[in-house]
Every structure is written in C-alpha cells, then in structure tokens.
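Should a chain be cited, it is by its letter among A, B, C, D and E, assigned in written order, with residues numbered from 1 in that chain.
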Amino acid sequence: MASPTLTSTPHPAAEPTPPGASRAKDRGMDRGFRYLSIASGVLILLVLAAVAAFLVVRALPALKAGDAISQDVGWIGAGQSLWTVIGPLVFGTVLAAIAALAMAVPVAIGIALFISHYAPRRLANGLGYLVDLLAAIPSVVYGLWGVMVLAPVLQPVWDFLVRWLGWIPLFAGDSNGNASNPPRVLLTAALVLAVMILPIITAVSREVFLQTPRLHEEAALALGATRWELVRMAVLPFARSGIVSAAMLGLGRALGETMAVLMVLSPGMLYSFKLLVASQQQTIAANIAAKFADANAMGVSALIATGLALFVITLVVNMAARAIVARRKDFSGAN
Amino acid sequence: GSDNATGGSSAASSSGSAAPALSGTLNGGGSSAQDKAQQAWIAGFQTTNPDATINYTKSDSGAGRKGLLDGSLAFAGTDAALDPTKEIATSGTACQGGKAIDLPVYISPIAIAFNVPGVTELNLSADTVAKIFSGAVTTWNDPAITADNPKATLSGPITVVYRSDDSGTTKNFTDYLKKAAPSVWNYDVTNTFPVTKDTFQGQNGTSAVVQGIQAGTGTIGYADASAVGSLGKVSVKVGSAFVAPTAAAAAAAVDASKRDTDGRADNDVAIKIDRTTTAAGAYPAILVSYLGVCDTYATAAQADLVKGYASYVVSSAGQDQAAKAAGSAPISDTLRKDVLSAIATIKAKG
Amino acid sequence: MSQRIDAKDLNIYYGSFLAVAGVNMSIAPRSVTALIGPSGCGKSTFLRTLNRMHEVIPGARVQGTVEIDGVDLYGAGVDPVAVRRQVGMVFQRPNPFPTMSIAENVLAGVRLNNKRINKSDANELVEASLRGANLWNEVKDRLDRPGSGLSGGQQQRLCIARAIAVRPQVLLMDEPCSALDPISTLAVEDLIAELKSEYTIVIVTHNMQQAARVSDRTGFFNLEATGKPGRLIEIDETATIFSSPREQATEDYISGRFG
Amino acid sequence: MATLEQVPDSTEALRRALTQVDPARKRKDVVMRVLVYLAFALAILPLVSLIWSVLVRGLGRFDGYFLLHSMRNVFGGMDAGGAYHAILGTVLITGWATLISVPIGLLVAIYLVEYGTGALARAVTFFVDVMTGIPSIVAGLFAFSLFYLLVGPDSRSGIVGAVALAVLMVPVVIRSSEEMLRLVPNELREASLALGVPKWLTIVRVVLRTAVAGLTTGVMIAIARVIGETAPLIITVGASNSINNNVFSGNMMTLPVFVYNQYGSGLVACTPGDASCIPTINYDRAWTAALTLILLVMLLNLVARGVSRLFSPKTRS
Amino acid sequence: MSQRIDAKDLNIYYGSFLAVAGVNMSIAPRSVTALIGPSGCGKSTFLRTLNRMHEVIPGARVQGTVEIDGVDLYGAGVDPVAVRRQVGMVFQRPNPFPTMSIAENVLAGVRLNNKRINKSDANELVEASLRGANLWNEVKDRLDRPGSGLSGGQQQRLCIARAIAVRPQVLLMDEPCSALDPISTLAVEDLIAELKSEYTIVIVTHNMQQAARVSDRTGFFNLEATGKPGRLIEIDETATIFSSPREQATEDYISGRFG
C-alpha cells in the first residue's frame, strides 16, 4: 500500500475537486477524442454527398446534350438522347436483378431454415461457414465460371424451357423458335447473380430466424406442433419483415453487380422480356464497364449519368430495405 | 518477384544491336485487334531496351485515338486512320503544336469464323456473307449457302455473333460488305455493328466474339484472323476463286490498294483499301491497323522512345515477330520505306 | 381429463452434464403440485421432461421413466408431438403469438390438427377456453385484436386459455407469475385453484408464499454445489413442508437462510 | 366441441393418443423437411462446381514461378508469365484502401456506439446503411471523377483504385465494428468508469482492447469484400504487364483485372506443330489467377480467425 | 477512510421520466446501509447517483444535492471522474476485465489511468487489496491467469478488490450477491462485515434476509404504480424495520405480500 500515487490521495474535504494538471489533460483528451469521432461521422455524410455531387456534376453535360449526344457517343443511336437509352438500361438492370431475386429467395430461405432449424447444431455452423464462403469468392471468378462452366450446362435446360414453356412470354424463343446458342442470355446471367446474392440473403434471414424468440418457438412446440408447423407458426411470421429486407439487400447487390453480367450476357438495348434470347437487354453496371474504356468526354459523361441512375435505384431499394425493418434495438443496455 | 518472366538475359539479346538502349515509359492503347502483335512487339523491344517499359492497354480503336488526342496516351493503336478534319485538325494541343500522324503497322485478314459441327471448310460469296450478316439468310441449308458448298452437310439455324462494342474490326468488315456486296448490304459503315435481330448475339471484344462462336453451334461471326484459333474460316469469293484469310492473301490485297492522300500530309501514311479487287489470291476483308503517334513530343527522350519503338515495330524483325504471334501479314518493303521516312519526321518540341 | 404422473429414477442431462439426478415423484390427478428450490437446482429442467419439451434443447436427454397413467412418455413409438398435446405448458413469460389475434391465439393449437374447424365450433371453443382462463369478460369485445396488446397478466391468462383449448390431460406451469404484478398474480392464482378440478397441475415457483397459497403438495429441489446435479430433497403435503419439513435443507431454504 | 378428438378414457386410448399423429401433418412435415434439405443441396452444388473448376483448371500452373514472375515480355502462346505483378498490385491497393478506411470506420463506429445520440447519429447510421448499397462501379466512377478533377485525364494510378475500394470498405468496417463494440458489455465500461477512468481511456484501453478480436475479423471481412473487385479497378487503375510498386503513379495490375484480361485475351492462334505455343495459355492463367485470388481471400479468413483466437478475451468459465 | 453521505431532496430523471423522487437520506461513516424494495422502485438508480455513474446513461440527470462530508458531488467544478475514484462501486454481475489477468484486474484502476507504478509497489498493492477482499489465499498462485477463470463468487470478490485498490472513501454495491450461489454469498457477506470497519458501505439487495444479516440500517423504497416515481418510504435501524416498521407498505413488503 506504499504506492506514492495512492498515498498522495488528498484529504477528503479537499478531494472532490482536485484541480491537478493531469485531470485537466484528461478532460482535454476526452473532448479531443469526442470531437475526432464526431468529425468522422460528419465525414461519412460528406463522402456520400460528394459521391452524389461528383456524379451529378460529371453527368450534367450528357444530360443537357439532348439528341446531339449521338454524334459523340457511338453506342447511342442517331437521333436518340440519353433518356432513350437509359430507359432500356434501367429496364434490363431491374429485370436481371428481379429474375435473380426470384431464383435466390426461395432457396436462400430454405438454406437459412436448414441452418437455423433443421441441421444438427454442430453441423450448422460449418454449413453456415460454407455458404459464407460463397460470398467471399470474387465476382470475376463467378463470371469466369458462369461463362465457361455453367453456360454449356445450361444450354439443354434452356432449350427444354423454350420447347415446353415457350408459350410463356418470358421463355419465348427467338424467331427460329430456339433458345439462343450459346446461352449468353439474361436468365444465365441472372442465375449467376442468384448464386452470388444467395449468401447475403441467407446470412440475413438466418440471423433473423435465429432471433425468433425461444418463447414463441416453445409456445408452438408445447402446443404439439411439428417442426414445420413450428416454422410456420412462430418463425416465418416473426421473420417476415427480416426476409423482405434480406431480399432487398440481395436486390441491391444484384442491381450493382458488374463483372458476372459483363462476362456472361450478350448485350442489347431493348425493352424485352425474353429471358432466353441473346442481345435483348443490358444492365447499367455492365454497360459502364464495357463502354468506359473507349468513351470520350461526352461518353464518360453519359456513362456517369447512367451510373447516377443506378445509384438512385440502389439507394431507393436499400432505403426501402432499411425502412421495412426498424433497426434492431441496442444490444448493449446495462441493468 | 521478377519482371524477367521469359528467362531471357538482357545482355545476350542486346548484343546484336549497335544502337544505344532506350529508357523510359511509354503508355499506349487502343485497338484490341493489334493487341497480340503489340504484346509481341513490346516483348521484342523491351528485350533489346531493358530499361524501357511500354504499356499497351487493349480496349478499342476509338479509345486509343481519344487517348492520343487528349494527351493521356503517347501512341494509339487504331484500326482506322485518324480523320483528317475531325481528329488530326484538333491534335495540336496534345501534340505540342505539331499534329498526329498514322503509321500502318499491322495488316491482318478479318476471318469470318464459324462453328458448324462436321464442317471444316466453307465457301461463300460476298453477297451470301452480306445476306447472313443482315439476317436475310437464317438457316445453314439455305440454297445461297449450299450452292457454293455442295459437299458439306449443312442444317440448322444460323446464330450470328457480332461485336457489340465500338470496333475498327466492325468498321472494316462493314466497309467490306458495303463495297463488295452493295446490292445486299444497305447499312452505313460504322464502328457499331448496325443490324440487330433476335438470332444475333453481340459480344464485347474480339475474344468474347470468338468465345461466343466457339461455345455455340451453328454460329458464325467475324474477328481478326489472329484470334479465331482453330475455328473454321470462310473462304470468300474473289473474282471466280475462293480465297482463305491468310497472311499472304491479306498482303496481296494491300498491294492492290493505293495510299489515301485526301487532305493528309506526306508523313501521314494511310491506305485506301480496295475491297472490290479481283487480283488473284487477294483477300479483301482485311484490316489495316495503324500506330497513331504525334510528330512532336514534349521531350527528346519521349520522341526518341516513340521513334525507337515505331521503328522496331515496322522493322522486318518486328513484323516477323507479329506474324509469328498474331498471324498477321508483314508489310511490304515499299510500304516500310514510306513509314520509316514518316517516323524520321518525329521530333521533340522546340 | 386429468391423469396421474409417475417419475421413476429420472436422471436429466444437458449433453454430458447431469443437471438433475434420481427423481422419484408421484403426482395425483386433479391436484396442484408446487416445485420450489433455489435458482439452478433443476426445477424447470424437471418440469420440461414431463412433456418432452426437454428434448428441444440440443444434446439434452433423459434416463428413467415418466409415466402418465402407466404409459411411459419415453417409451418406444411414443411421439413427442402427441405427448405435448396431452401435457400442456405455460411459461414464465407470457408468449402469445404476436402476429395472431386473441381468438387465433386461442385456436392456434387446435388449428394444427383440425384445419377446417367450422366457424361456430371455433367461436364456441374460443369462448369456453377464455372463460376457463377467466379472461372472457375482459377481452370478448376485441377478440380480433392482437394478443400482444393485452397486459402481462391478461397475456398470461391468454396463454393458459391457449393451452387448455387443446384439452390436455396435464398442465405444467413454469413460474407463471414471476413476470406479473401482484394483481395479475392474484388473478392467475385464482384461476389455478379453479382449474384444479379438471386438470393435473404442476407449477414451479420461486415465491414460497405462492406455493403455500395454491398447492396441495410441495416438492423441494436443491443442489449441493454448482456443477453438482440438483435433487428432489423432499415432497409432501404443502402444509407439512412449510410447518415441519423432514430435512434441514428444506427448513433452511423456506426460512430464507439462502437462495 | 364435437369436432375435437375423443378424450382417451383408458390407458389404451391414452397410449393411442400418445403414439399417433395425424398422418397428413406428418407427411407435410416430411415434405417440407425434404424441400429444405434440397434447397441446401442446391446451394452447395454451384459452390462445389465452382471450387472444383477453379482447382482442376487452375492448379496446373499454380507454382512458385507463377507467383513470383510478372507478365513482362510475355506474349502469344508462350509458356511463361505469372501473376506476381497482379498479386503485388492487389496487396498494395487493398492495403492502401484498408489504411484509408479502417481509421475512419473505427472512429465512426466509436462515435455511433459511445457518443452518438440524436439526429446526427441517426443520420450517420442511416447513410452508412445507404452507403453499403453503393454499387462498386459507382464507387469507381466517383474515384475516377474525383481524381479527374484533381489531377487531370491521366489520373490512373493505384491510389485512385484504393480510394474507390475505400468507399466500398468504409461502411462494412463501420457496420462490423459497430456490432463488435456493442457486444462489449456495458458492465465493463461501467466497471472502468466506476474506477475513475476517463471516458476516452475507457474506450481505448477497455472497449477497444476487449473488442479487438472482433474488430480484426470485421476488417478482414471488409478486405475480403473488396479484394475481388474488378470493375472499379478497370476504370481507376487500368492494367500493366510489368511490376509497378508505386501506387501514386502509373497503371498497376491487380488479380481480378488480371483474371478478366487473361480471359479477354482468349485463345491463341498457334502455328500448327509449334510445341512451345499453348493455345489455351490465357485461359489457363486466368484460372490459376482466380485460384490465387480465392486462396488469398481464404488466407485472409484464416488470419482473421487466428488473430481473433489470439486476442479474444478468455470466456467466462 | 470513510465518509458521511447526505442526500437532500433528490429527484432523479431518465430524460423526462422522473424515476425517483424526493429522497432525503443520511448515511453514517463506517456503517452498512441496505436498500430494499420491489423491482423497478429505483434502488439502483439512487445508488448510482452517489458516485455520478447515473450520468453515464444518456439523458439521465439529477436535481437536489448529494454531499460527501459536506462537499456537494454535483457542485460546480466537481469532476465526475474524480468522484468515482472516491466512491467505488461493485455491480450486480461480477465484471472483471476479460482481457486482464487477476493481478492486472486489481491494478486496473491505477493502470488504466496511465499512472506509473513500480513493480514492488504494484505487488504490494495487489496483495493488500486481495487480502482485503478475502481472496488472496485462493488466487495467490495464479495471479497471472485470466480473472474470468474464477468462480462467480471469487470474481465478485476480485471486483471488490479492484474497487478498494484505488482506496475509495465509500463503497457502493448493487445486488452484489444476486448472481452467486449460497456459499459465495456467505463469503461476500462476511467480507462486507469486515470492510465496514474501514469504509462507508451502501448495498442494494433484493434478499431481505441478507439485508437483515449484513446491514446496520435499512432503507425501503417503493413505488405506488408503474410510471410513478419511486420513493424512499422509510429508513431506520435494520432491527426496527424488520420487527416493527412504521409504514404499512414496508410491513406488507417484508412479509412477502408482494414483490
């Protein structure tokens, strides 16, 4: 107990207001640290504003150019303006993303349920890790795999779809009545996208499923519910909004994905619902990557304008996703 | 890590050349058709000049010309000569008060490649090619095709694979179709392939086109002959014979063509390709690709580097290197003389 | 409607951890049995073995037998899903399904087996169950409102209504009042007294006064030290346990010397 | 009430009631179980196929030579060339992106968890979420435009790419750090404060120290998220065949762009009989580089796990 | 080492919610004061105002004065950090720093403040504090092992050692035994009895037997209804409170009629 720092404890009466230099320094550090962290928070807002501002500024020339733009930008046809090409691009982007979502969501829910409520606990962690691994694979590798391994496998499947389900507009064939060969079609790209967004949807829904209050699960079980009835009674209703937001997050990812689409899809600029015919649609992100290298000043401006459109779309989707689920309460409450 | 990937030693390979080795970095870019040849030239040039680094960013001709004109590239690879009024006239800023010039360095046939099971040889007339690529002929057993290929068993729908990005290859190919099959081909000559049909597939870049042709069945498309690999190549009707896209046939077509002098300076070497030639053994669907350079550079070092590199590219050693790597046709000695004298005019500012 | 329960030589494990050891207990039909003991002694664990809810926890298992009217719940061929219909359960914290209305909550268990229960039967059942849980008068005007809008005590009685709607033989309650205010607690205690005439009831409580108030018999669980298994120290008439327990530990516990 | 099942009135009836569940319910349970298992199998299929393809096609060239040599002077079908320059570029650019984003991200997370209240904190939280959704190509465009204004048209360099990646990384770092900091029990903060430790020292010496394992994992996750980005790097960094270790000037190669470029180079036209020429060399290199990239990501994952094990507080007994 | 505490007209708020109202209390030096009352009545809240830990919660604030030997803790210029060094605190759940060894935990109050302390002083301080917390003999062979490896009761005593290592004037304890088993509880209760000779101790407990065992004086908090503020109903000698309280509410509470 002979420590000098401790024995120097001042007399009680004087103590609660010790003026010492070190206290003043501590207070200064306290304030400095606080301001530093607040400044970082503000910086984030500024960065986001800057992203939007730069995009708008660089997009303005193309937006103002009207149909004169087609003289400068090769991929905009004569007499067309930026607006006439943004339309099909937005259409293609949304169509690809929705097709991907439609394939990914049911499977992702299945996987998430498997991990959260069906697989033996010990297995579940490992399996969860395996699915997370899918998320860690770079998109360019997906592109490579999609175009060189997956596409050849899909050809007979797409042929089959056109043959038997061709009466559904989505699965209509080309004017020869076939699925395009090779299958560089939207559905192939969407399938690769679906595999890519699977992990994120799975991860979020798994998280939500695992958060189903034990109380509700036990209530269902105690009423004599089977595993599936438990899921339907307690898990799914509880997780509904979580699933929606997971899907929206996946949608956001799919909207912005570039390489896989660039490598897999044969592009076109049409408002076409044909998923199995090539050269019908193109996505904004892939179009930027494809056209950016050889764009002149106006071309870059036009591409940035499409990028702005993409930014706005993903913004809306993500905001919607966040709005649907009120953010989880703080974990950290004490007492 | 090592930049010496080929295991060569710089001393050994520079022993032959008497000229002092150059140094510095040169950024070029553009035509993807030239890419394979450029890689070969860069390798050869860097071996003799180990302190020099040449970067060639493959994108497309438009990007190369754009880069040259906005000063971000020191040289461009372009499949079409610079436009005298639109481009050369505005090159003053980027070229330090001088102007941009064209140097033809790479002559290559554009192969019309196909992938039809069991068929290795295909003969087509220019009209038939134009019909296929305009969508007028949609099946392989169309009489227009079978007439020229009595022995082949052809059937099934045709999938046309084209370049979806802006490309000099497309421009040369559509130029060929317009001039050689004027009655069938009604489209303008453009960098962007003009026909869209739901049996056509656009692909982004030369190799994607080739990949697309290869991955499908009943496909046909056009690409620089150097890139098509083992795919079947169409022999086109010239005069009364069918000519395959070989280097020699391409050289013959260039020999049959004249220089383009419209509004161009003497040191601007452009070629007006004669697509309708009937010279024996000439393959007119060719692409003449240029090195776009400035005739004035900011520093002597840069000017020397450009001159050194361009000279190496057109030298017979360089042309052989390219022929080996990319299957291109070496330029003729007459043309080489013109190009070398154009290169000699490149200088530093001031 | 009510059955006799016999637990014999029951050992209850979480994985390799023996949580409760050697329980022998007989519970008479139409009676209320209270289980008391310090925290962690295994009251909840034991209770959950009576309707095989214990198995829901990964790695949890049971040795020994639990018989209801002579049928071993853990015997071959017995389906846990069916067991839980016969032995209902009410939990510490009220847990109505938040996405369902009050009426739907009551019918939740019935709907599982009988999808197409017709409307008037359903209404009858809802009313009967809610009356049984002493809740009918308070909620009859808002049967289609969410169950989560009720007060804690009402929610707990709703959960009891839901449990008795499937007409179980036995009703298990794990500290049903510990999250409730005194008034709600009273309401539930009254309800237990009424239900006794129809069901066999086992209730876990940490409140000795409550045990004394509601139960016919009381069992005392204890554990020697953390890590050791909990044991049933003694079980007897409630009056006996609180006035003259046989064991010293019981006396120490009820006189507040620990826990 | 007539619709309810019979009340068992004997042991036999009770036994029956305890052993029989409605077969229709049983069937439905089984069907759904099969579907759920199937969904999982369906997800594992592409993963296995992908890993298998990459291994089978990439292992052939995966050796010391490939890892330690660049592509300088390599052309045509030459059996030469490696990805050293691309690995270096990826490491440097991601490293710089990390250097930029981690301090900012960590400070913002600290702000949100320890100080944030009111409108600013809500705005930051919301816009961080929004930022998570920025498409990578848009981040690339942003960095490109920014440096275009600052440096001019010839702005391509590693640092531009690093800025683009940092824009993508920051929200991930914030999210995961925030989560990790919130996991630090308030009890520890209070214990420290109650000992008379000022708040900033509490944050630095207790909160950050306790969370350090999770924080590292979060950073690794963020790195893994951007290390495979291709499109923004094509726009901002370009490509090169030679080693360039200066992120502030000149094109650089990165592994994903290397994969894409090699794929884009396509088949080589070899003169028949030329044994030194490999027609598929470009595809081979693409697959090997893809394998390298995946291994790099897995390595990061392993490092993260190791670090997390090393630093994680010993859990309560 | 110990001080007198006077709370005067203390109103405690969470934002605009008045959690505790009008507390007047005097605590003698070198005594143990126990605070009891039903859950949510504001015992913890009041305790935390005694070392300004209350302020840590966003929006929380205080009206009135708390004086330690006549110095108002909430007076102008008083640094909360300094206050907390004078008034130590032990929490409901033992919270040793998981990244630190046992010895480091004891020294945390010194070390975290970036104070230099030489090795032998440090060793002395560790031993003295652990002896003070009755823990020395149990842990002296493993001072460099993580503190989280100890049992709950040992952890709690480690936290007490950590608190007394900075030599506070007053020691506040918020339900220090509620997470402990009976044996650990006894150890901590014994410790409190010893510490009394040096420190002024205020302890919150939900266990009335414990209050009766350890404290000299007992204060009873209650709240009329949820949403209403908690109030100090009465405070008196412990014996008086448990034998003949002045207020009916107190009597109801200690006889187990609610809570």
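Note that in this section a contact is a pair of C-beta atoms (placed from the backbone, for glycine too) under 8 Å apart; a residue touches a chain by one contact, two chains touch by 3 or more.
Here the structure is a predicted model, which means the values were calculated and not measured.
Asks: Hop distance check: subunit A to subunit D, minimum number of steps through touching chains?
Replies: Minimal hop count between subunit A and subunit D: 1.
Asks: Can you give me the shortest step count from subunit A to subunit B, moving only between touching chains?
Replies: Shortest path length, in steps: 1.
Asks: Specify the chain pair with the maximum number of C-beta contact pairs.
Replies: Counting C-beta pairs in contact for each chain pair, the top pair is A-D.
Asks: Just grab the chain with the largest centre-to-centre distance to subunit E, centres being mean Cα coordinates.
Replies: Of all the other chains, the one whose centre lies farthest from subunit E is B.
Asks: Expressed in ° and rounded to a multiple of 5, what is the rotation angle of the C-alpha superposition of subunit C on subunit E?
Replies: In short, 175 degrees.
Asks: Once you find the CA centre of subunit B and the CA centre of subunit C, what distance in Å lies between them?
Replies: It comes to 85 Å between the two C-alpha centres.
Asks: How many angstrom between the C-alpha centroids of subunit E and subunit C?
Replies: The separation of the two C-alpha centroids amounts to 37 Å.
Asks: Please report how many Å separate the Cα centroid of subunit B from that of subunit D, as a whole number.
Replies: 40
Asks: Among the residues of subunit A, pick out those that touch two or more other chains and give their numbers.
Replies: If we look for residues of subunit A contacting two or more partner chains, we find 26-27, 147, 226, 229, 262-263, 293.
Asks: What positions in subunit D touch 2 or more of the other chains?
Replies: Where subunit D meets two or more other chains at a single residue, that happens at 21, 25, 185, 187, 190, 198, 201, 263.
Asks: Do you know which subunit B residues sit against two or more other chains?
Replies: 57, 70, 208, 211
Asks: Can you check the complex and tell me which residues of subunit C touch subunit A?
Replies: Where subunit C meets subunit A, its residues are 51, 53, 56, 58-59, 81-85, 88-89, 91, 93, 95-100, 108-109, 112-113, 159, 162-163, 166.
Asks: Mind pulling up the subunit A residues that touch subunit D in the complex?
Replies: 26-27, 29-30, 32-34, 36-45, 47-48, 50-51, 54-55, 57-58, 106-111, 113-115, 118-119, 127, 130-131, 133-134, 136-145, 147-150, 195, 198, 202, 226-229, 231, 249, 252-253, 255-259, 262-263, 285, 288-289, 292-293, 303-304, 307, 310-311, 314-315, 317-319, 322, 327, 330-334
Asks: Flag every residue of subunit B that touches subunit A in the complex, lowest number first.
Replies: These residues of subunit B touch subunit A: 57, 59-63, 66, 70, 138-139, 157, 159, 164-166, 190-192, 196-204, 208, 211-212, 215-219.
Asks: In the complex formed with subunit B, which residues of subunit A make contact?
Replies: 74-75, 147, 151-152, 174-176, 178, 180-182, 184, 262-263, 266-268, 270, 274, 277-280, 290-291, 293-297
Asks: Tell me, which parts of subunit D touch subunit C in their complex?
Replies: The touching residues are 1-5, 7, 11, 14-15, 17-22, 25.
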